[in-house]
Amino acid sequence: MKIVVCVKQVPDTKGGVKFNPDGTLNRAAMLTIMNPDDKAGLEAALRLKDQYGAEVTVLTMGLPKADEVLREAMAMGADKGILVTDRVLGGADTWATSTTIAGAIRNLDYDLIITGRQAIDGDTAQVGPQIAEHLGLPVISYAQNIKVEGDSVIVERQYEDRYHEVKAKMPCLITALSELNEPRYMTPGGIFDAYDKEVTVWGRPDLKDVDDANLGLKGSPTKIAKASDKVPKGAGEMLEGDSAEALVANLVGKFKEKHII
Amino acid sequence: MDFSLDKKHEMARTLFKEFAENEVKPLAQEVDETEVFPQGTVDKMAKYGFMGIPVPKEYGGQGCDPLTYAMCVEELSKVCATTGVIVSAHTSLCIDPILTYGTEEQKQKYVVPLAKGEKLGAFGLTEPGAGTDAQGCQTKAVLDGDEWVLNGSKCFITNGKVADVYIVIAITSITEDKRGRKKKNFSAFIVEKGAPGFSFGTKEKKMGIRGSSTYELIFEDCRIPKENLLGPEGKGFPIAMHTLDGGRIGIASQALGIAEGALERAIEYTKERKQFGRAIAQQQNTQFKLADMAARIEAAQLLVYKAAMAKATQKVYSVEAAKAKLFAAETAMAVTTEVVQLFGGYGYIREYDVERMMRDAKITEIYEGTSEVQRMVISGALLK
Amino acid sequence: MGLEEYKGVYVFAQQVDNVLDGVAFELLGKGKDLAKDLNTDVTAVLIGSGVKGLADQLAEYGADKVIVVDDPELKDYRTEPYAHALASVINEYKPEIMLVGATAIGRDLGPTVSARVATGLTADCTKLEIGDFPITAVAGQEQKHNQLLMTRPAFGGNTIATIACPDNRPQMATVRPGVMQKIAPVKGAKAEIIEFNPGFTPNNRYVEILNVVKAVKNTANIMDAKILVSGGRGVGSKENFKLLEDLAEVLGGTVSCSRAVVENGWLPVDLQVGQTGKTVRPQIYFAIGISGAIQHVAGMEDSDLIVAINKDEGAPIFDVADYGLVGDLNKIVPALTKALKEEMAEK
């Protein structure tokens, strides 16, 4: 079995968030980690590898620095890493990103593609299903459990109040939830090996069957109109009210203003 | 000269830090309080290869270098010095001498399971009457047919009773030199738990590293196979000394970690703790103390990493190891004492970890060669 | 094809087990505002099996038209037949705006459909308005009017961005449930019903549902909780934590506590927040009867929003709170639970 896992290097949101003057993110200025949902997806792939035997290829799109996240994945047990990086791919929204990744995956042999449900920077949950759409694959998102049975996968697909046990024929794409598993650690030897291996680096010319008009900032249908750091927390406010009910009414009003309820 | 770590080592540090934060830190207080050996943690470390970091892959290890191993002990000790010393004693004092002096058969039989963490290792040199003066050892080994027969005892043995494999130093002959002075000739042996005549005394109750399993080893006509002699007969003393050189890098890393852990706590705490209407971190007394501690810790780190690199590249690294251990241990003691002071009353109660760090720090000035022994080694090299 | 051919505000009317989801009504409420600004009308797209009967309800909540795609293949949600249904509606009727709830269904359907019809999609919006793009005119760039400006939080709520989709249609957004206001239903209101079936031929992308398991997950891990209702010594007794549990239940939150509570044996240690407990950063943290010792504050000060309720107005917890309520928690907490319950019922 051949599994492709898409991972993203994301800013650790515990640190600050920084922007370029044009409204796009200044990723270079932030501390980075492997996106948690993606890590769960990788762990799921590695478990399938342990259980059934599989070749696990991790693929990421990003700045050259995103090489680190591939090394981390290989140190956990992935077999190969592919970095898709090119200036012309910068500033991509989810449409352009999924177009790019699909273009890279068209070069590969695969039975299963696993992505995280969403990344903690954008929280969009769009790229996984969109890759499936570009590749014409069945998609099962929000996976909380994955099994392989013959040439099919059986997945528990989570909803708010239920889950569906869903069967799909491979090849297909699954988006993984963090709840799926507890990802393993790297091993020290795995880290040394990962840095001794080569990571494949692909640029724009290596993408298969994609149109320039669909790539990068220019190929992104959505445009940032305004981006700003969230207003920093000001001093607190003591709410007025001479009865419990009045205080509560005041608080509920604040919640409404903030769209909390 | 480049003082920055390469990407491999940076990533290894990230790994050790994550593991320590998630798996070790939550248990540190309990391990100290209950004095129970953290077997669950050791099992997890085995799973991720932490029990054989500097061991070549062909012997079941991770194929990394002594620096990576030192960083592992450092990061573990930042949150739990007990866990740090378990790895240190196992790796430096048990695996390392077999890897260095053992036959191919011994390496296959012992190093492979030790490096995989399937077995745990320990080392026995110290005796009730022979600490710093290691020549004072009394434990004897006599060859009887195909077996060595050991008699005597070893005390304060880290990983005692929980370990499966022990390196034991014993007298195998006494010779007289030309002037008629008697000289003890020591040899090193590999003794497995369960060997007939091998038992354990009582468990030591300690000031610090309380989860570490410290026992007396007792040999009463203990019989081990002839082939468990480690290295040439009569070379036990240099083997022990060389082993301790490596061990000191491990303990220096442990001390470094304790100091770093205490400083981290102090930085968090002094930013939050308010006295006289402002955070104590805003007071110059605190700031200067933090600065002094940080400078001293970095100096210790450079010495520790230099010693670890020396072990990778040099045949002899006794002086580097001695300097690293001396300075790191004294740094750990000084820093933890200072941090307890900065915490005030909270520093003295058990809930706040730093008093534990202070108790843990003390042993680093004592075991695997006291600070006085390190000074002897360093000055000996200066004056030779 | 020109963008001007795309007209009208469309809303995906999510239903599960033939019961409309509240978010459908919220989207209709918002859709009406947007339609007014654009001088157009609001269409609900109702997809399912045997769902036609729900159309009137959508009319009562503001739908001018309801397009019903009704087919046995659409019984339970599956990405492919639903995406085919919605994409076919878009291709056929060409809406200017397409809104979908950011639910576990919408966040799967939205991206699939947007990729299929080759347009942009903005996820998890909390604010939608009609305006210009660029917001302020830029020399050398055409400023387009009547654009959908979609505002959403990102980076775990650290930032807010406003997104436009100026060159593609429809302008698609998923909208966070619970944010938009639904209108008071107009009893007896009727909408124009349009039945549409693009045909459903199962292919490799139709997955098979083996089992539907209804279950509510309970997350006892306070570090994952979005809303924490935390109590301190001031709560007074183990029994009195019932007040906090009731509040937590209304909000779908979890109860946590300070060290004093654990020491008194009122709650177990895994619910303790603070320096010697867990560090939490929920979206809302209620500190109830918690004085706010630094050891506690260290574990919760990064919460997005902190509400403190304490009888002592000098309590240090008010220094870190966004909203402070001084008074008797035994009165305030039940009153708050009641008020929130009423708010939720209106939705």
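We call the chains A, B and C, going by the order they appear; numbering starts again at 1 in every chain.
Convention: contacts are C-beta pairs under 8 Å (C-beta built on N, C-alpha and C of every residue); 3 or more make two chains touch, one makes a residue touch a chain.
These numbers were taken from a predicted model, which means no experiment stands behind them.
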item	value
Other chains in touch with both subunit B and subunit C	A
Middle chain, criterion being Cα centroid separation	A
Label of the chain whose CA centroid is most distant from the centroid of subunit C	B
Separation of mean Cα positions, subunit C and subunit B [Å, integer]	54
Distance from subunit C to subunit A - Cα centre to Cα centre, in angstrom	21
Centre-of-Cα separation between subunit B and subunit A, whole angstrom	42
Residue ranges of subunit A in contact with subunit B within the complex	68, 71-72, 75, 184-195
Subunit B residues within the subunit A interface of the complex	7-8, 11-12, 15, 18-19, 48-50, 53, 57, 61-64, 68, 72
Residues of subunit A that touch subunit C when the two form their complex	11, 13, 17, 19, 23, 93-95, 98, 118, 120-130, 132-134, 136-142, 154, 156, 158-169, 172, 220-230, 233, 236-239, 241, 244-245, 247-249, 251-252, 254, 256, 258-261
Partner subunit C, residues of subunit B touching it in the complex	268, 272-274, 351-352
Footprint of subunit A on subunit C - complex, ascending	16, 76-80, 83, 103-105, 107-108, 110-112, 114-116, 118-124, 126-127, 133-135, 149, 153-168, 178-179, 204-216, 283-284, 305-308, 313, 318-328, 331-332, 335-336, 339-340, 343-344
